[in-house]
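Below you'll find a set of structures to go through.
Shared between the two complexes below is subunit A, which has subunit B as its partner in the first and subunit C in the second.
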Partner chain A sequence: MPMNNTMNSGHSGARSLVVWDPLVRLIHWSLALSILLNGVVVDEDGNLHKWIGYVAVGLVGVRFVWGAVGTKYARFSVFPLNPVAALKHLTAILKGVDTVHLSHNPLGALMVYNIWATVIVIGLTGYMMGTIRFFGIEWVEKAHEIAFSWLLVSIALHVGGVIFDTWRSGVPLVRAMINGRKRIPKDRTVN
Partner chain B sequence: MKKMIILGVLAFASPAFATELTTNMVLGTGMAEVQKKLTDMGYQVRKSEMEHGDIEIYVVKGSKKFEVYVSMETGKITRLKSR
Partner chain C sequence: MIERLFPIIKRERRATVLAVIIILQALCAMFFLADVIIDLSEGGHLDDIHLVFEGVAALALICGVVYLMYELRDLLSRMEAMDVGIRAARGEMTTLIDVFFDQWQLTPSEREIAQFILKGISNEAIAQMRGTAPSTVRAQCTRIYQKAEVDGRAQLLSVFMEELFHAGEAVGKHI
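Presenting the complex of A and B:
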């Protein structure tokens, strides 16, 4: 059972736990790539933009299913959408509490749901723009653009949060999203 | 036979009522003029704006969607994107 597999990471006393399963990691980086491609690289008028959009929404869709039936730390139940908990977490941070969360911390969870919801709004409005009914309808285009701007703001906050939490908790989060393992310093309480 | 006659009439009549958009077709040099022309041709104007000194109009007709760019100098369609 590799889920709670503990091993010595080389740092004295630090524990290394498998947290993010391959599907979670694949979805994370594929979604990041599709956002980068559609937002920066690909011609927004082209067919490729449309297909990458479908892929992005599909990735979120698969993640939703995985959130219900997936591995332990991938499940919605371990990182519920809870603004109150997020606020509590924020005050705990300010008080200097350095508890480590194995899945997303409550603030991170809020961001994750926000990003998924935003991707869905972008996908939906993008799809609408291609239908006869909504082609050239201004509010749909505006909604698509505003949602994308919001996504960029969210990603900036997400990256900022990852950097900050890596510093705060001592767990290298980017590496965890690459190899799936969270390396937890020995003196930290795990939540 | 009846079908043949209808087809024949259509083939003869259609050039007089050009409703298909093509590049270089003259639509007009003003926004209102271009909008009216497109509407008269049976297109529903969805959005129109100025883009780099050209008129850009989104139109639909039936199941067809177009982005039409018209030069304000020549009044001609400079670019036609079927969407």
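Presenting the complex of A and C:
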């Protein structure tokens, strides 16, 4: 009876799983590009700024529909907005637990929803600034600027989180967002 | 890194094209929808033939986007099934087993037991090897079957047998 095999015979090094579908990746990088363009490159009083803003909100809109009908790991149901779970995840990190999440980890999920909401607020206030009713009203402009500052903070945290989690979990996350595959090191449990 | 990414991108060309079209069409749909809404709010009437056409175009675009999303999901799941089949045919069964275990989110001890099950070892023998009570192993088996959505030992094996049977078919069909 072949029962003397080692228990780890199934672990043949790292394994890779398809996680992010092309639509998720395209939306991610297009949104990043539109934020970069509108925040840094394009003149903020120009027409182009407005159109890029509409595109950014549209991208988030498409992602919302895809979150409802999309592929397994793109759905809202696999990364629910759950601050309690995020807190638990944080304490697990501090304890040194190194499980791998196939979709967003609970902390990452919080950031994802935060960034989407912020983009929508920026888009909405930006649109309001161009309407007759709200034109020149100070709080709208203030809200637009504050939301953008918050977006910058969020992006810094997001990039920091990606770097930290790549180091912690051993899964190259940036590459996963490019080719869609998470490369999971051997002997890591998936959660 | 680019060389390693390239074959994957090539293989996913159809899905990527579909995703690009979905995004562009969704943005167009938004544009037309906003145009119709603004026209209506500015005193346009539905008996204006121009507005009707715009409305129908917006509706058609939205339906198209949702339809293409379902198509994309379908295409991606077929590609994944094909990938599994090809790996099984190549004899990469151990990798495949790992991937299935990941998807079922088995714990390390459940993984070990599931591997023993696939090797045809009885629950009593597994308990003996792991130095636990047979009842513990039985409970763990139940959880494995739940996670894999199968009824028991035989069906768990059949998950992998099925991949082997369909492997040749999948390879033949898609080349």
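Please note the rule applied: the second predicted complex is superposed on the first by the 179 of 191 C-alpha atoms of A that agree within 3 Å, B and C clash if a C-alpha of one lies under 4 Å from a C-alpha of the other, contacts with A are read in each partner's own complex, and residues count from 1 in each chain.
By definition in this document, a residue touches a chain if its C-beta (ideal position, glycine included) is under 8 Å from a C-beta of that chain, and two chains touch if they have at least 3 such contacts.
Being a predicted model, the structure only gives us computed values, none of them experimental.
With both structures placed on the common chain, the touch criterion links A:V18 to subunit C but leaves subunit B unconnected.
Touch criterion not met for A:V41: it reaches neither subunit B nor subunit C. In the superposition on chain A, A:I146 makes contact with neither subunit B nor subunit C.
Of the two partner chains placed around the shared chain by superposition, neither subunit B nor subunit C is touched by A:I163.
Once chain A of one complex is fitted onto chain A of the other, the partner contacts of A:E138 are limited to subunit B, with no touch recorded for subunit C. Judged by the touch definition given at the top, the superposed model places A:G130 against subunit B, while subunit C stays out of reach.
Number of subunit A residues touched is higher for C, counting subunit B against subunit C. In the superposition on chain A, A:L90 contacts neither subunit B nor subunit C.
In the superposition on chain A, no subunit A position is in contact with subunit B in one complex as well as with subunit C in the other.
Partner subunit A is touched in their complex by these residues of subunit B: 46-47, 58-60, 63, 65, 81, 83. Residues of subunit A touching subunit B in their complex: 45, 130, 132, 135-138, 141.
Those residues of subunit A whose C-beta lies close enough to touch subunit C in the complex are 1-3, 5, 7, 9-12, 15, 17-18, 21-23, 26-27, 30, 54-55, 58-59, 61-62, 65-66, 69-71, 102, 175, 178-181, 184, 189-191.
Looking at the complex, you find that subunit C touches subunit A at residues 1, 4-5, 8-9, 12, 15-16, 18-20, 22-23, 26-27, 30-31, 65-66, 69-70, 72-73, 76-77, 80, 83, 94-95, 97-99, 101-103, 105, 107-108, 111-112, 115-116, 119, 121, 125, 129.
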